[in-house]
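These notes open a run of structures that come right after.
Paired with chain B in one complex and with chain C in the other, chain A is shared by the two complexes that follow.
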Partner chain A sequence: MNTSATTRIGLRTIALGYLLVLIGLPIGVILYRTFEPGLATFYASISTPAAISALNLSLLIVGIVVPINVVFGVFTAIALVRWRFPGRGVLQAVVDLPFAVSPVVVGVALIMLWGAGGWFGAIEGTGFRVIFGLPGMVIATIFVTLPFVVREVEPVLHEIGEDQEQAASTLGASRWQTFWRITLPAIRWGLTYGVVLTVARALGEFGAVIMVSSGFPGVSQTLTLLVHARYIDDHNTYGAYAAATLLMGIALLVLLLMTVLDRKRSDR
Partner chain B sequence: MITVSNARKQYGTFTALDDVSVEIPRGSLTALLGPSGSGKSTLLRSIAGLEGLDSGVVTIAGRDVTKEPPQRRGIGFVFQHYAAFKHMTVRDNVAFGLSIRKRPKAEIARKVDDLLEIVGLEGFQHRYPAQLSGGQRQRMALARALAVDPEVLLLDEPFGALDAKVRADLRTWLRRLHDEVHVTTVLVTHDQEEALDVSDRIAVLNRGRIEQVGDPVTLYDRPANDFVMGFLGSVATLGDQLVRPHDIVLTRDRAVALAEDAKVPGSPGVIEAVVERVVRLGFEVRVELRADSGERFAAQITRRDAFDLELHTGETVFARAAHRSSVIEIDPALAI
Partner chain C sequence: MTIHTDLGRSAAAAALLHPRTGGSDGAETTAAGPDPVGSDRPDHRDGSSASTSRLGGIRSLGVGVVTLWLSVIVLLPLAALTVAAFGDGWAGFWEAVTAPAALAALWVTVVVSAGVALLNAVMGTVIAWVLVRDSFPGQRFVNAIIDLPFALPTIVASIVLLSLYGPNSPIGVHLNATRWGLIVALAFVTLPFVVRSVQPVLIEADREVEEAAASLGASNLTTFRRIILPTLAPAILSGTGLAFARAIGEYGSVVLIGGNIPRETQVASQYIQQQIEIDSPQAAAAVSVALLAIAFATLLLLRVVASRSQRREERAP
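And then the complex of A and B:
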């Protein structure tokens, strides 16, 4: 095909302009506003007790959600690929549900289930708060991040097939030994990728978490909630920019890690 | 020794194994031979415990293992597509069974070295399976299976994924290995040449049933039925019987043919036929013929006989079965 130079340059300009306006500019504005008053101001803004608490809470949620998703995700993927059982088709569909349901709806559903007057609402009487407490935020985050590990591990399991696992069993390995020595090493890149996606999503989750959090600064605010609260409630625009930059920084780190791992994976 | 008694296996309404009983003598190399879908893999995997039987009993070395998982059957299994542990070196692959058994490091090292030497992979121990050829991978898989000193070695079309030349080499190599190691071996194959070449016993399977078990010579020369006869080599229809093409004798003279045929009891008689084509295949010559009845068949004769007969297309010859040839009556129920 022979595209003229002007057409080519034109197309390139449109593509770049599109990316710039939609992604580059917003990020650029935030970064500019954040660092405009200097690093010291930025640091002061992200080291307030509320900001530190938000960072800790976000990391705590990630720290709880990731191991749970890894265990259940790998188990579910193995069940879906290796086992034949009634209801497998239903499970297959249910795993994708979190992708389809809006996070806000998830939040509402959780309140109806666990909140005062909900099906499991009686649990509040025992002093264990789900809604407006950490458990609610963890459950909401698990809900929205559930598919990542399953969907990353599943195709890898398909691809490696059962031969290696059967070979291990004929060589005397128990199911458990086979899992640790054969299956896990074979799926490790898919699993890592799933974890990275889970972390990124868990950090960034807003809609479901805001519904089930009491949102007290320094107590039950995650980083995303902090950004929201500073901007909307406190009219502290600069504080919102700074917190957003911190959130982006962590997400960027995760993204970087993902790219490095991805490169490693395709090298093999 | 392995015995399988009255083994049955259904997949839904499909019967993969239909009351199969077979004995595999200690120290033998037995081939399970049959067409695709005849149940060879199913039978082998049932012996290994990778597949459960609906009913029937499997014993290995006198022990009833029907209810035992693969881990406790004392088997070595080699898969058609190698099933190499991709993330482990050749050395770790071979050592796997021993390290599961928690043997001392020194013993594992010694044994793995020995095995790598036997299978000719000494220089390859630090490679990964992806860096090996198919033949090398399969030899690694064999070493891996042998490492645990299995009671029996089970091979499911181990050379099926390899090209013809490598396949023939490995076949010879396997035969020699078996003569050295003497472990009871079952080899699944759909290639009759492979079965005749390496095994000392053959069990022929068809549609989930055993058709015949015996040594290669018996099966080739005295097949129990036309299926076995047809599966172990090419056949020609002579009159109402099946004969091997190389057992057909062609003569120019009807009287001579009749006189010779009278000496063969139960022979299909003398068939008058017209030569349709003469194909020279180096050492052999294939003569394609059409009988009076319109039936087409081919005879395989030596170069010298062809030379003496001076056959040309369109000429008439008299065909009969040679002395002591394998002849099978066509079962009218099976005839198409």
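And then the complex of A and C:
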């Protein structure tokens, strides 16, 4: 289709105008409002005790969730790709389920399972508080990030096939050696990509976490909950902007990492 | 020039639409090939049947662990949710879902999400077109920007939009606590779906057919309607459907800008959250199940349509 210059420029204007109004301008305004009072004010706002403890809590959750997802994610991917067993198709579908569930619904579902009146509610009697405690936030984050590692590692496992692994075991390598020397190096970029997606989502998750957190500043507030609380409860709009800008900076970093990793993956 | 980087296509989009890509489809081909190690054929290494059964044992244990893991994290919570929703029987579920406020929230959610999905269908296609067929300085940057909504936490999206369209708007546009606010927030978080699903199809599309149509005297509009749109339709549809499925469950991006006004701007996820807050878990669970049902129905419909159009494509010469 040989579009005339007018059509082309018209479409370009519509597309770019839409992106400007929806993304460009709002981000410009928030950056301006965050940094207009000066870097010192910004730094002061993101280094209050509540902000630091929110950052620490977010990082703690990431620190717990990532290793769990890596171990279980790789294991699940291997099981789904390499092994035949009845019910494999069902498990495949279950891995995708978290993508279709609203974050708030995740929270409600976890309350129904782990909460005071829930199926596993008795566990609270032992002093292990899941809902309104750290375990709840961790479990909620695991739920929403569960598919990433599995889905990034699976295609790589398919692609590399089993020849090398079989050769290794023919030469007398143990399963463990085969995994560490053959499988893991082969899946490393896919795995890293999955981890980056997991980190981004874990830091940014809001709906599922707010449902299962008690939300006390300095105790059970993650970075995203801090943004919310500052805006809604404290009417501290600047503080909310500053915390949001911090999260945005992290997100940009993640986006950059993903671009680099994507190139690495396709180079392989 | 390939400007499509596929970055941050957020596994989500791809997986939601083709839940089996790289999954079982490919696995079936593997299964047709040589048997995987550990099936009942004699083991390569030493040929002893003892080793084979030991491997089988490890494998069943592994399958057990994976099943248990997925059950505890994903299936049991959803099962507990469903049971709670029907705690007072079918009547209780129905009563909770058809309570005026619940119905209103579900209605607002579906209507606004459908509107946003349609907006995405049009604007997403235009943006994809401009990114593929046009060329202008800064195109790569614009292309990278598209993924930003996937990378940004939803609550940040909320704040970002409020800074421009909220109470302190520098341009005097106040969308907070209106349905327009909801639409802007949802359009922001669902932007990448249609763009990223149409873009690769447009890159692959055969331009000779378009040129042939033009040389036969078809106008641009006719060429678009008869040649391009049919090619893009499956991709537009799937992107739109994914955007809809995402929009109906959204919470973080609408929580600040939406205003949470019952019957006006309160969406289903906010209603559910409110029910938990006022200690009415059965109602929260019931509306959650209704929301899940809408999402699953959408995704199921998408897969049916996708597999049908794929079959039609295979049959075509």
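In the analysis below, the second predicted complex is superposed on the first by the 266 of 268 C-alpha atoms of A that agree within 3 Å, B and C clash if a C-alpha of one lies under 4 Å from a C-alpha of the other, contacts with A are read in each partner's own complex, and residues count from 1 in each chain.
What we mean here is this: a contact is a pair of C-beta atoms (placed from the backbone, for glycine too) under 8 Å apart; a residue touches a chain by one contact, two chains touch by 3 or more.
The structure presented is a predicted model; accordingly, all values stated were derived computationally and were not measured.
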**Message:** According to the stated criteria, A:52 is in contact with first (chain B), second (chain C), both, or neither; which is it?
**Reply:** neither
**Item:** Contact breadth on chain A, by residue count: chain C or chain B
**Value:** C
**Request:** Could you say whether A:177 touches chain B, chain C, both of them, or neither, answering first, second, both or neither?
**Result:** first
**Request:** Return first, second, both or neither, reflecting whether A:122 touches chain B, chain C, both chains, or no partner chain.
**Result:** neither
**Item:** Contacts of A:168 with chain B and chain C, given as first, second, both or neither
**Value:** first
**Request:** Using the touch definition from the top, say if A:185 reaches chain B (first), chain C (second), both or neither.
**Result:** first
**Item:** Set of chain A residues, in rising order, touched by both chain B and chain C
**Value:** 166, 169-170, 172
**Message:** Considering only the defined contacts, which chain C positions touch chain A in the complex?
**Reply:** 5-8, 10-12, 15-16, 19-24, 26-27, 30-31, 36-39, 44-45, 58-60, 62-63, 65-67, 69-70, 73-78, 80-81, 83-84, 123, 126-127, 129-131, 133-134, 136, 142, 144-149, 151-156, 159-165, 168, 170, 184, 187-188, 191, 207, 210-211, 213-214, 220, 223-224, 227-228, 245, 248-252, 255-256, 268-270, 272-273, 276, 281, 284-285, 288, 291-292, 295-296, 299
**Prompt:** chain A touches which residues of chain B in the complex?
**Reply:** 48, 50, 69-71, 73, 75-77, 79, 81-87, 96-97, 100-101, 141, 144-145, 147-148
**Item:** chain B-touching residues of chain A, taken from the complex the two chains share
**Value:** 160, 163-164, 166-174, 177, 181-182, 185-186
**Request:** Spell out the residues on chain A that touch chain C in their complex, using ranges where they run on.
**Result:** 1-4, 7-8, 11-12, 14-16, 18-19, 22-27, 29-30, 33, 72, 75-76, 78-85, 87-89, 91-115, 117-119, 139, 142-143, 146-148, 151-152, 154-155, 158, 161-162, 165-166, 169-170, 172, 175, 194, 197, 200, 203-207, 210-211, 224, 227-228, 231-232, 237, 240-241, 244, 247-248, 251-252, 254-255, 258-259, 262
